[in-house]
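The chains carry the letters A, B and C, assigned in the order they are written, with residues numbered from 1 in each.
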Amino acid sequence: MDLARLVELNAAYARAIDNEKFEEWPAFFLDPCLYKVTTVENVAKGLEAGVMYADSRGMLEDRVSALRTANIYERQRYRHIVGLPVVLAEADGIAEVETPFLIVRIMRDGNMTLFATGCYRDKVKPDAIGALRFVERIAVCDGSRFDTLVAIPF
Amino acid sequence: MDLARLVELNAAYARAIDNEKFEEWPAFFLDPCLYKVTTVENVAKGLEAGVMYADSRGMLEDRVSALRTANIYERQRYRHIVGLPVVLAEADGIAEVETPFLIVRIMRDGNMTLFATGCYRDKVKPDAIGALRFVERIAVCDGSRFDTLVAIPF
Amino acid sequence: MDLARLVELNAAYARAIDNEKFEEWPAFFLDPCLYKVTTVENVAKGLEAGVMYADSRGMLEDRVSALRTANIYERQRYRHIVGLPVVLAEADGIAEVETPFLIVRIMRDGNMTLFATGCYRDKVKPDAIGALRFVERIAVCDGSRFDTLVAIPF
């Protein structure tokens, strides 16, 4: 799979979230899909449950509604810095990719903190019109401040 | 516009600043140009004024002179980590691009802090010999420690 | 040298370290090689000695053994965010490249700190089968918390 197109996918994904265009977020996934936020410790222990879980676009859309209702995102902003993707394997048109990320949280007073670092473990596939989409996106966090009940997408 | 060339432009720009080759900085812009550092709050409120403003290479050069005279940059270093560019539109040879950034400030004692995060909102165009240059670069900060009177370029 | 391939090299290098696959690390270098971790101050003063030094794959392998014996890496994790490479020159099949980096350290309790920022100053060359490898990788740190005796590779 073309590296430039993976870079574009990741850049557009991060931009949608950081610009708080959450409604655009589910469209980055195929339907059904697997979206999960978890930690490196949970993965090492074989724990399946994550901090967030969705297996369809409908569940992703529910998540966005909850976020809009809670309005919690208004108290802070986030900035994703997405690193360089590594393509691990490719078969049947699906690429397995790992991409590191760092997320900074910015409070309303301008104070910035490291919110999370980790690695996206993705399965990426072109949709019907050839646009790359996530079959699977598992955000494995090295560390994170999971201190909000209704978190933004990772 | 070719993604690889946008990546090269951004990498060269960040390198010039982080290596304190400030005199190379104005040449990344066409003349006239628009260079502005502002905040996401100011943009949301429709406030035009930014923390820094220049509309010609001459103004950018003045900024560099002020910086060299103040010598303030000697007390700290900066490191830009520039994310992946998103091309939003392209017309008449000008590409509209958004690129996230994170800037770390390193004090002389080695202490590091998050100095700024944000997004460059750029208009990019090839110059007479085909090198990509900024018609416009607006650094929209999510957060930033604007605590120095004469700041380095963003 | 193709930018996409340099990006791939850097991404694979960072991934090996962050996933603690240290045994894969020496294979990113040709033999003999030059690997050094130093600071911007040392470079400015012309000091040759760095915080880490190796000039062969054997020395890199020794470093990994020391790390495994000390087990110190188990107390924390690291996350590299590698920026965009700038190719400075190219001659005799060797490219001179500078690439910024930021490393976050994540303690076992999930607490994250900026561990280091800086710039890789690399000489990169294809090996016998055409894979890009480091002839030289000098990690020049702007700042760093050099508080562990046996550090992970930068």
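Points worth noting:
The rule we apply is simple: a contact is a pair of C-beta atoms (placed from the backbone, for glycine too) under 8 Å apart; a residue touches a chain by one contact, two chains touch by 3 or more.
As the structure is a prediction and not an experimental result, all values here were calculated from the model.
Remark: rotation between chain B and chain C after Cα superposition is 120° (nearest 5). Annotation: the chain A:chain C pair of sequence copies touches via predominantly different residues, less than half of the used numbers being shared.
Centre to centre, using the average C-alpha position, chain A and chain C are separated by 27 Å. The set of chain C residues that touch two or more partner chains comprises 4, 81, 102, 114.
Here chain A touches chain C in the complex through residues 3-4, 40, 81, 83-86, 98, 100, 102, 114, 116-119, 142-145, going by the rule given at the top. Partner chain B is touched in their complex by these residues of chain A: 4, 7-8, 10-12, 14-15, 18, 77, 79-82, 102, 104, 106-107, 110-114.
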